[in-house]
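Working notes, structure below.
Chain IDs A, B, C and D follow the sequence of writing; residue 1 opens each chain.
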Amino acid sequence: MSKLNLTRRGVLQTGVVAGAGLTLPTYLRAESHAGFTNAPTGDTVTLGFNVPQSGPYADEGADELRAYELAVEHLNGGGDGGLLNTFSSKALQGNGILGKKVEYVTGDTQTKSDAARASARSMIEKDGAVMITGGSSSGVAVAVQALCQEAGVIFMAGLTHSNDTTGKDKKANGFRHFFNSYMSGAALAPILAANYGNDRKAYHLTADYNWGYTTEEAVRTSTEALGWETVATVLTPLTQTDFSSYITPILQSDADVLVLNHYGGNMVNSLTNAVQFGLRDRMVNGKQFEIVVPLYSRLMAKGAGANVKGIFGSTNWHWSLQDEGSKAFVKSFGTKYGFPPSQAAHTCYVQALLYADAVERGGSFNPCAVGEALKDFEFDGMGNGPTLYRGEDHQCFKDVLVVKGKENPTSEFDLLEIVEITPVSQVTYDASIFGGELGACNPGA
Amino acid sequence: MEAIILQVLNGLDKGSAYALIALGLTLIFGTLGVVNFAHGALFMIGAFCAVTLSRIISISHEVVDNTQTDFLGNPLKVDVPYVYDWFGQATGDALIDWAVPLSILFAIPVMVGIGVAMERGLIKHFYKRPHADQILVTFGLAIVLQEIIKYFYGANPIPTPAPDAFRGSFDFGAAFGFDPNVIIYPYWRLVYFGFAAIIIGAVFAFLQFTTFGMVVRAGMADRETVQLLGINIDRRFTLMFGIAAAVAGLAGVMYTPINSPNYHMGMDFLVLSFVVVVVGGMGSLPGAVLAGFLLGILESFASMREVLNILPGLNQIIIYLVAIIILLTRPRGLMGRKGVMED
Amino acid sequence: MFGLEKKDARLLILVAVLVAFAPFILNPFPEGSGLAQFNAGYPDLMQRFVIFGIFAIGFNILFGLTGYLSFGHAAFLGVGSYAAMWMMKLLTMNVIPGIVVSVIVAGVFSLAVGWISLRRSGIYFSILTLAFAQMSYSLAYSVLTPLTGGETGLQPKITDPRILDAALAPGATPKANLFGLEMGSSVELGMGSWLFTFNAGYYVAAIVMLVAFYMSIRIFRSPFGMMLRAVKSNQQRLNYTGLNTKPYTLAAFVISGMYAGLAGGLMVAMDTQVGAERMFWTASGEVVLMTILGGVGTLIGPVLGAGAIKYMENILSKINSDILHTWFAFLPDGLEDFVVTLIYPFIGKGWHLTLGLIFMAVVIFLPGGLVEGGQKIAKLFKRKSPVDDSPDGKTTPAE
Amino acid sequence: MGILEVKNVGKRFGGLQALGDVNLSIAENSVHAIIGPNGAGKSTLLNCLVGKLIPDTGSVMFDGQSVLGRKPYEINQMGISRVFQTPEIFGDLSVMENMMIPCFAKRDGSFKPNVFINMLKDREIVERAEHMLEEMNMSDKRHMHAASMSRGDKRRLEIGMCLSQEPRLLLLDEPTAGMARADTNNTIDLLKQIKEERNITIAIIEHDMHVVFSLAERITVLAQGTPLVEDTPDNIKGHPKVREAYLGETQEAA
């Protein structure tokens, strides 16, 4: 009667129990006796990798998925062990998590919050996933994070750059390794001032949605603090493909820097258009006109081709970093897939490892134990130098890379070069400035 | 003043893309009476013709360069295009550089072929079916086509630059006596506008001045009668479908340097081009072209800062707002024919 | 029964039974088996089946009966969702006020949109509705961010006022409920290696759906429904028969808008989140596809279509190459890889491709949608019974 | 004072004067035919009577009330029913349903959102529709798809639908156009029967002189948008002006 060979949630009602449950007017929480949602009971544990597989971010999602598969391989003791060897915490043994073999399910977020939540719910409800991770936009991250909070599982955010994810929409069950708009602004401004001078007039084109607003705000305040003047900020629709009508007014303004607060397809198109209109060859106020892209992604830079050359931006991580962690990761990933990993792949891989490590250290898959273990956790060897998982907002604090489009790329992956590694102290901020309420961890029981 | 001139230029440029797609859509609708939701996909395939040709031209073999290393620390393998070996580096570079214009020659047969195959293989069976069925089957086809492209080319945009000769901008200011360096416009966008004008003119001339076109126009007006005259109108309509596909495809080819193509660019344009066609009036070719330019220009003006300061968000909705106003004041769009698609 | 004819009553009972036993029917494969991948009997998907069923039923009242093809119905769904969410933020996490208000707000909004759009017919009407929906989407995503949450959407927060609810216990998250019954709560029943989940939210949504379905039958069989079919058939004759078509079409538009709002409200009740992309034109297109796929103008078709599309979206997209390899592990290595390579483009990230192919196949081979497919199969089995004396059989086509 | 009074009605389409100063009076309970060569303005006149077109000048009074500016459904509710040149019926609906719709319109007015009544349980309407089908000799076809009937049957159904509303004025627009001789004769018989059995005024536009002279009590001849003569059938036969109008046309046609 108690043959409990369920790969899915470890809940083992027999017919008898269920019969009782049905006759009672009250309902029985499946997970109640285990103490938290989807507590793994067999010798495996299931993680949910929720990434965009269709839509404009599908390639980024594919790279995230590759990283997750690699992480699972390493966690289960396969491959060369990757970052397990360089990670400062040595809790992980390569024998799965808490001795349980890691299995995973995948889903398609379609970069839509509804689809992402449907996919995550199916992982939680059907496949018994105890942790959800992934994603390539802040809308999705915030939506799925709220879901995980409600369902009582851990959410390890993938690529999400908006301040909101660990700001006004933060949740106790959600954690972000990726950096955010504020950090981009703080890291970029000094470099821009150093390279272009303190007397600049900036013109912002901003994607008309939350991430755009926060990024514009961050870059604007940090550059203005160094003496720049903001000539204008113009909002552009998310669905815009041809930015010409937003770029020609710049020709008439006396701005000498253009900041493109765009990501993904928007960024590729607006940058391409800006270069087309000869902005980079312009001289204004006796200065060379410059373009800045606050958030760079190598995959997207590829889409813009030669247009990225010499353009400053920030990024979470880049494969050309020479610390031990980065080198180990590039080697593992590159050997397995034949090309270097993207920053999305890196953050996802690291998130998977950090989760596993927290479980090991906390001694339980219980989200509250995991949260406790990640809270104010300091680690190193993951490619970004010493890093802190801040307890107040579940945001990682680490160095930020300022990069520039490379003038003479040697391959199709070699598009960015690192200009400066901004130390973490420069990008740290007070957790309270973005509002929001973390709440208490929810184990779901 | 300069701002206005520039926005008119922007509008004309955007409008040429809208007009070209809407023109093809209207050709198909007007001749065959079919609502083709796969038309955006044809535009996209056209763009990928350019990508494909530039890939074909730059097919390479690897040469190991021991002086450099790749990301794993191994000696770097440098791709050397075969055209370098065959024609020398200078000619090879020129060929690669001119891939997009060359793609026109490549795209025409490909697109006509795809169009004809589509009409004979699928659309033909849907002439008598309700418009809803036509929409569903062509929408399904559009998904299939774009997924196939995604399978081979990925989801990211692929940069496809214009030849070096067309980079940079033309300075209207200097040419027409304004301040220099203010009214400048990229050469390639001017090329696109001119190209669109030529294609539109060619389609009109073809329909207006050739016997073939005359028969097709007669068929558009009254298919039965033309058939009664013993003319094989079906074959001509098939060819018209091919031509419409080619128009969409060429619009796509020439668009690639303006924005890097990706697999869902067709869907981005689809809804917009339907709005253009309907605003122009179903079945009216001049209407489609006129509406394309009109909406392009209005969209450009609505994105000016001066306008947005008064009406924030207008740039988000301008096209739809104009569409609503036009359809409410002119029941059949700008130049629509009576009774077309009204049931 | 309930004022229905025998045939319709039978259909309603059949649907009710299917819906009640869906947790069993949708979970035919034992846990842990390779085919468990195809089980759909988990709360989220079951909820989506019935919610999109409601959406499609409502859409069919407009499109199936009057023939007016709206390309903007997702806007009503979205507006309903936002309304319900605000009720949850301001009043109470009890789903009743949210659902009621979502229907009302969507009704008012659709009245306004319908009033304007119904001045035109045919594709001009379609484009007008599309324009309204796209404007709603664009504004909700950008300018209206304070009201809609923009990109990140809205979720209930601990800090929301919720004036009717008692204060949350410290550490508790707000959860949608029906007088204390949490929508997310489930009872599980294990039988051997089968596991069935009975979810409170699903049954709430299912009951709403049955009511919605019942009402749609009544509308179909009412004089009002007949007038709507007459609108589709011949507006001219209807006008010259002394009937004013505009209020009929407008009423149908508003009713279907309210159905969409109801679906939107339920979506929020089941899964407390709303984002603007719910209103994007592809979402409007989806309901058109559901209706056509199932069978336009039929009672049950839209529900089937909604189920089919949601099933593909949620089940096919989750199959990855890893799972494929497990399935075909029994084959020799080379052959296994070959088979996996062959199938892989159609599942997982390629599920859109399968969707497109199925649309085409259905339209080409089953113009009447899945319902027609079912009828064809039924006819195959009935072939042996001698005469088909159904009174609506089409006899003696003339001219 | 006739039931329908048309005074000084004129209608112009761009440069074309379709109707110029038409005066017409149709007496109650009579059968009045309007004839004329192609392009004489017969259809334009008819469309002005039913609200499809609004004349530029003049007035149209039905039973003492102006119909101008009213919508077709309002004019119908006043008691004018129209039969079209090609039968306009609800092709996707069954014959019975076709007949029920005008019955509902007669009883419930131009709009009634009776959403929750089963239409087949509305005894009054069902009986009325069945009765009407019987009168039209179509009871056996009640479950047929209306679109699948012969043209003659469609015409019969359409007339039946109009009659079920008990209109005071029935307008017929070339009711036998495109019909075979047998169908034409059937239709003539039907109309004769209606005329005898019912209290109804019939106005008929017709090309076919056989039909006109079988039915009409008075005839108005229209040419180039103006009435030439109005008289009894006997006087119209051989009227020189009429002959001229028609001969003119035949010459042109030839």
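Following the convention adopted for this analysis, contacts are C-beta pairs under 8 Å (C-beta built on N, C-alpha and C of every residue); 3 or more make two chains touch, one makes a residue touch a chain.
Predicted model, so just to flag it, every value in this text is computed and none were measured.
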- What chain pair shows the greatest number of contacts? A-C
- Query: Which chain is in the middle, if each chain's centre is the mean of its C-alpha atoms?
  - Reply: C
- Query: What is the distance in Å between the mean C-alpha positions of chain A and chain B?
  - Reply: 35
- Message: Taking the mean of the CA coordinates per chain, how far is chain C from chain D in Å?
- Response: 46
- How many Å are there between the centre of chain A and the centre of chain D, using C-alpha atoms for each centre? 73
- Query: What residues in chain A touch two or more of the other chains?
  - Reply: 54, 58, 208, 235, 237, 239
- Where chain C touches two or more other chains, by residue: 138, 141-143, 352
- Message: Judged by the touch rule stated earlier, which pairs of chains are there in contact?
- Response: A-B, A-C, B-C, C-D
- Message: Which stretch or stretches of chain B touch chain C in the complex?
- Response: 35, 122, 125, 129, 131-133, 135-137, 139-144, 146-148, 151, 267, 271, 274-275, 278-279, 282, 312-313, 316-317, 320-321, 323-324, 327-328, 331-333, 341-343
- Given the complex with chain B, which residues does chain A contribute to the contact? 54-59, 208, 232, 234-237, 239, 241-242, 244-246, 248-249, 251-252, 265, 268-269, 272-273, 276-278, 281-282, 299-300, 302-307, 319-320, 330-331, 334-335, 339-340, 410-411, 413-414
- Item | Residues of chain A that touch chain C when the two form their complex | 3, 5-8, 11-15, 17-19, 21-22, 27-30, 53-54, 58, 61-62, 65, 69, 104-108, 112-115, 117-119, 121-122, 125-126, 137-139, 142-143, 146-147, 149-151, 162, 164, 169, 208-211, 213, 235, 237-239, 437, 439-442
- What residues on chain C touch chain A, complex-wise? 31-32, 39, 42-45, 48, 138, 141-143, 145, 149-153, 155, 157-159, 170-173, 175, 181, 184-191, 193, 195, 197-198, 200, 267, 271-273, 275, 277-278, 313-314, 317-318, 320, 322, 348-349, 351-352
- Touch list for chain B against partner chain A, complex: 2-3, 6-7, 9-11, 13-14, 17, 68, 70-72, 76, 78, 150, 154-161, 167-169, 181-186, 188-189, 257-260, 262, 264-265, 268-269, 299-301, 303-305, 308, 312-313, 315-316
